[in-house]
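What follows is a group of structures, each given as structure tokens.
The two complexes that follow have chain A in common; it is paired with chain B in the first and with chain C in the second.
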Partner chain A sequence: MYRIRIHGRGGQGIKMASRVLGTALFHAGFTVQDAPKYGAERRGAPIFSYVRADRQAINERGTMYRPDLVVVADDTLLAVPAAGTLLGIDAHAVVLVNSRDSADTWRHRLNLDAKLVILPSAAETADRANLPHIGATCAGAAACLLGLVERDVLARAIAEELDGLGDTVVAANQASALAAFDALAGQSGLVQEGVTIAAADYQAPQWIELPFEDASIAAPDIRAAANSVQVRTGLWRTLRPVIDYDHCSHCWWVCSTLCPDSAIRVAEDMPVIDYDHCKGCMVCVGVCPPHAIAGIPEYLAQQQESARATGGGADDTETAQR
Partner chain B sequence: MTEQRFKRMKDLPSTHLLGTGTPMCSGCGGLEALHQIYDVLGDKTVFVNAAGCMTLLSVYPFTPFRGSWLYTAMASAPAGAQGVRDALDILAQQGRMPAQDDLGVVVLTGDGSAYGMGLSATSAAMDRNLDFIYICYDNEGYGNTGQQASSATPHAALTATSGGSRGYPGYKKDLFGIWAAHRPAYVATVIGSEPLDLARKIEKAREMKGSRMIIALAPCPTGWDYDPKDSVEVGRLAVKTGVWPLKEYIDGKVVHTRVPRERAPVEDYLQLQGRFGHLFAPQKNTALLEEIQARVDTYWAGVEPQRPAS
Partner chain C sequence: MTPKLLSGNAAAAWGARLAGVDYIPAFPITPQTEIIETLGSWIDSGDMPGRMVTLESEHSMLTAAGAAAATGVRVFSATSSQGLLYAMEMLYTVAGWRAPFVLVNVSRGLSAPITLEADHNDILAARDSGFLQLHCADCQEVLDSVLLAYRLAEDPAIRLPVLVNLDGFYLSFTREPVDLPDEEAVSRFLPPFDAGEIRFSASAPQSQAVAVLGGGPYSYFRYETHLAACNGVAVYEQIAAEFASTFGRERGALEQYRCDDAELVFYMVGSFATKAREAVDRLRDAGQKVGLVRPRLLRPFPLGPVEEALKGKQAVIVIDQNLSMGQGGILHTELLAALYGKPGAPPVVTSFIGGLGGRDISAEEFYHMVTVTRQAIASGTVPPPRLLYTAGELREIRKLQAVAMVERQETAPARGTAAGKEAAHD
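Now for the complex of A and B:
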């Protein structure tokens, strides 16, 4: 059985990727399961979907603990433990990362035995609508690494799954998927089929027995006020709004009120963006009367930050003062 | 009536009560309205939440609220509110709770519950003149489960359950009219992209007794298919085009709090949203667009003579 897990963010087309891959494998003669993990996922939040494909009936269900191929559509997720991108990866697994960084860099960062393949990210654009179809790209790349699906079957699967969205959308997704399929042609068939897991080998998780408690203890009561601030929704962000305080006219009542997430607080008549929680919706960029807020790609902002932290030019004056 | 509290945008609260870190979508128009509403209502508020997107606000062990939150089944939030109100009243009557500890009871539901499943319980609550505030965040579909059509879905919109070249065949239910027909203390429509109008109405509702009913149109990037950055623009256009009339029912009369001087064509509002994309491509569906425009025009033809003084 082949087990494929696809990780991305809500809105990137990760569910679509698993459907396309599943349909393509079905047309290639496999019995297929494909499903997104259903839960409280929201646009920008880490999500995953999975595909199982086998020549015989599939009896496995639920979470995939030993994937043969893991696709990571957004490399920032690798640093988010809650996303679980690396769950169950061993030397047998192939990890495909959509990234600007090299395989060597990721091998060094992750220290994994797994075979790492990089799918080079497209250049960032300020308008997210112009980004290529990452779901389709991942499906195409995964299909190539599996080496089980022909090019035209992949194109047909996309046409079927996106039927109803119009010819333009289908064609654009096909182009993205096939480009990725072709780009990885040298590594076609890299993914090895995983072993069938026998019920006899099942090892029970290390359950923790919880005694039945009185309702005052057992009920899921939350007694803290506004403790949701402990959830770092800033991790959802792909674009970062940055206030240019030289042009800010201090009309905080606009951005601070209209920010859906209450992530712009007011300090001494100035709006201050809370990057731990800003989800990067960019509403503030659009509503700022003096246009003093710009949206920059999050990865660039992080690069600039780490350059400053490791003693880049910006900190020279501070060092001199010390 | 202290409309004085919010004369200008500058008078809006500069501190926000609702915690950050909620699982709502990036650019959520419902969350935008809710955090503004909470800032005006204050922390002495208990929320009774029917199943919907905002159920996820308080998922154990986290909550963005500063007080209690109670989760009910989809049709039962007003019944839950009755229980909470009664409990508070009994505590006060028996001298077990000082008067200053009393809480405002607020129901929070989506349109699936408000326009559909929960309407019967809401009607009964208004019949009893339950002392509560009802807030419906209306994103015109069952957003939490993938935007299936609800009875708040507008004509021609694409949803998970209404596709094709004509979209949703039904018409958005007039919940404001249905609620107002019960003659409750207050009914109002608001939207997060018009914070001053919203704050004035919530302040008005806060100071009243009895059933106070609020419908907040909640632009929804996920369900309506537009870039999250456009949430405020979509909301402003809903008002400018007259698609979302800002109004209130008070003392037995309906008053429009914002009558657009020159209404923008509804196309301006529709074409920002993917759910109406089929009206513009592959070719423009002029007949359907004119039908939608005509409905808006007919509505305002009955309103425009009564322009507000301010």
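Now for the complex of A and C:
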């Protein structure tokens, strides 16, 4: 059986990627099981999906303890333990990371035994709507690494899964997927089929007896006030709203009132964005009357910050344009 | 027939579409919403006749479903978890009306604490309502069970509503290959509803489900409902045989997987049973004679088939994805009641609680349940029920508690003092 897990953020097309891959493998003659797994159901929140493919009926379900291929559509997730991107990865696994950094960098950072493949992230364009579709790109790259699906079957799977969204959307997604499929052609078939755990010499689970505990401990309560401040949902952000105070008309109430996460406060007649909790929904960018808020890619914003921290403040604009 | 990849929710919607339902009262809830969205889009596009109405709550939805069924039309509805519980008053009521229809439940753990993933305390809360229950293990079975459920509900020997259960996430959002039966074969198996005397209608005054005073009449009506439910075992087996000859798929009251020469069998319901099937295959590879018995029909309880299937086995390993507070696993309790004093009943029945709130059950855990049960056979001592819970999981809880306790001490230093605790223990 092949076991594939795809990690990304809500809105990137991670469920769509598993369905495209599932449908393509199904057309290639495999029995398939595919599913998304999400909790927060919000744009930017970590989600994953998975695909199992076999030549016989699939009885396995749920958690994938030993994936053959893990796709990470957003490399910032690798630093979020709760996202579980690295669960069950060993030397057998292939890890495909959509990133601007090199395989060596990631190998060094993660200290992983697995085969690491980088899917180079697209360069910024003036109109971000022209960026390739991440879900489709990951599905195409994964299909290539599996080496089980022909090009035209992949294209057909995309047409079926996106049926109803119109020819333009289908064509754009096909282009993204096939470009990634072709880009990794040299590594086609890198992913090896995994085995199941034999019952003869299994490792016994570390079951424990749950002790009785007083209800003051065992009731599901959090009594601290305002503790959600500690949950840094700003990590979900892929785009950062930045206020240009020269253009801000100091009306102060529009952005701060309409922010769905109450992440904009007003200090001395100025709106201030709380980046620890702004999820990057871009509502403020859309509603600001004088258009004084711009959305810039989060990674560029972070590059600017670190350049400023290292004393390269004068190069800000240049870094942002690079 | 070419199979299609369908999620459990899509399979449920296809079941309703193929059954030619007339009326769908609806209310959304995760993880069920896709079912009514799918049906809504088909009705909108004209691919499916029938009428859908969104109600203001599950309570009203069930009332509408029962009332419509009492007029003799074919009714479908779906809910999950808190929604099923919110409708609970009407579940008992419409079953008492003897109104036949099909309600799909997408299992999800109950609050509190609130969660999204599957366990069976929601559907089992409806265990005593008068609804019959079919439990599914895969997406194909979801579609098939909706068709079977209409035959069962509408049978003149029964005339009761039927719940079809599928697990949230593990089936609801999971796509698997599903054979869509052709409409002609479905209409042969499930012809339009012959409502007979069920003809409640406007401008023709009648009283339905009148009040009774005194226990005598009440007992009569309640016990008649029980007898109708009990008829369900024989009727279901006959319907399942007809289903098998029409569609070629076995859908008997019990799935019995590699049971013939099995010494030990797993006993469980729901989608995790396919994981047990996988474990059975691997255990067989290792030379262990293990099988799986899985009730599809849980209400009525298929007493005869269960007794027969388990006769002569050395042990039964019961896995409950539910928890009756202060008692333990519901399947375990019911199985012991069914087997007590029966000739050839397995001498050892072990109990495991697992999969609460969608908590996974690993392959190793299935293997280890067999090891523990073999030890019980050898020693003659049956261990107490066990929650499938690992040291690692407790460590994670301890981390969360550490945060919560620090916060509590910071914000409420007066609470939980030693003096307060002593007083509580007095």
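The rule is simple: the second predicted complex is superposed on the first by the 271 of 322 C-alpha atoms of A that agree within 3 Å, B and C clash if a C-alpha of one lies under 4 Å from a C-alpha of the other, contacts with A are read in each partner's own complex, and residues count from 1 in each chain.
Operating definition for what follows: a residue touches a chain if its C-beta (ideal position, glycine included) is under 8 Å from a C-beta of that chain, and two chains touch if they have at least 3 such contacts.
Owing to the predicted nature of the structure, the values given are computational and were not obtained by experimental measurement.
Student: Looking at A:V266 after the superposition, I want to know if it touches chain B, chain C, both of them or none. Which is it: first, second, both, neither?
Tutor: first
Student: Check the residue A:Q303 against both partner chains and state whether it touches chain B (first), chain C (second), both, or neither.
Tutor: Neither: A:Q303 stays clear of chain B and chain C.
Student: For A:S249 in the superposed arrangement: first (chain B), second (chain C), both or neither?
Tutor: neither
Student: With the two structures laid over each other on chain A, which partner does A:S102 touch: chain B (first), chain C (second), both, or neither?
Tutor: neither
Student: Quick check for you: in the superposed arrangement, does A:T31 touch first (chain B), second (chain C), both or neither?
Tutor: Second partner only, chain C.
Student: Regarding the shared-chain residue A:V287, is it in contact with chain B (first), chain C (second), both, or neither?
Tutor: Once the two structures are laid over each other on A, A:V287 reaches chain B alone.
Student: Contacts for A:P220 in the overlay, against chain B (first) and chain C (second): which applies, first, second, both or neither?
Tutor: Both chain B and chain C are touched by A:P220.
Student: Identify the residues of chain A that lie in both the chain B contact region and the chain C contact region.
Tutor: On chain A, the overlap between the chain B and chain C contacts is residues 220, 222, 224-225, 227.
Student: Can you list the residues on chain B that touch chain A in the complex?
Tutor: Against chain A, chain B makes touches at 9-10, 12, 14-29, 31-32, 35-36, 43, 56-67, 163, 192-193, 195, 221-222, 227-233, 281-282.
Student: Where on chain A does chain B make contact in their complex?
Tutor: 10-11, 40, 42-45, 128-129, 164, 166, 220, 222, 224-233, 236, 251-254, 256-263, 265-266, 274, 276-277, 279-283, 285-287, 295
Student: Which residues of chain C touch chain A in the complex?
Tutor: 5, 7, 30, 112-113, 116, 169-170, 173-177, 271-272, 274-275, 277-279, 281-283, 285-286, 288, 358, 360, 362-365, 367-368, 371, 386-392, 394, 401, 404-405, 407-408, 410-412, 415-416, 421
Student: Can you check the complex and tell me which residues of chain A touch chain C?
Tutor: Against chain C, chain A makes touches at 19, 22-23, 26, 31-37, 39, 41, 58-63, 65, 196-200, 202-208, 210, 214, 216-217, 220-225, 227.
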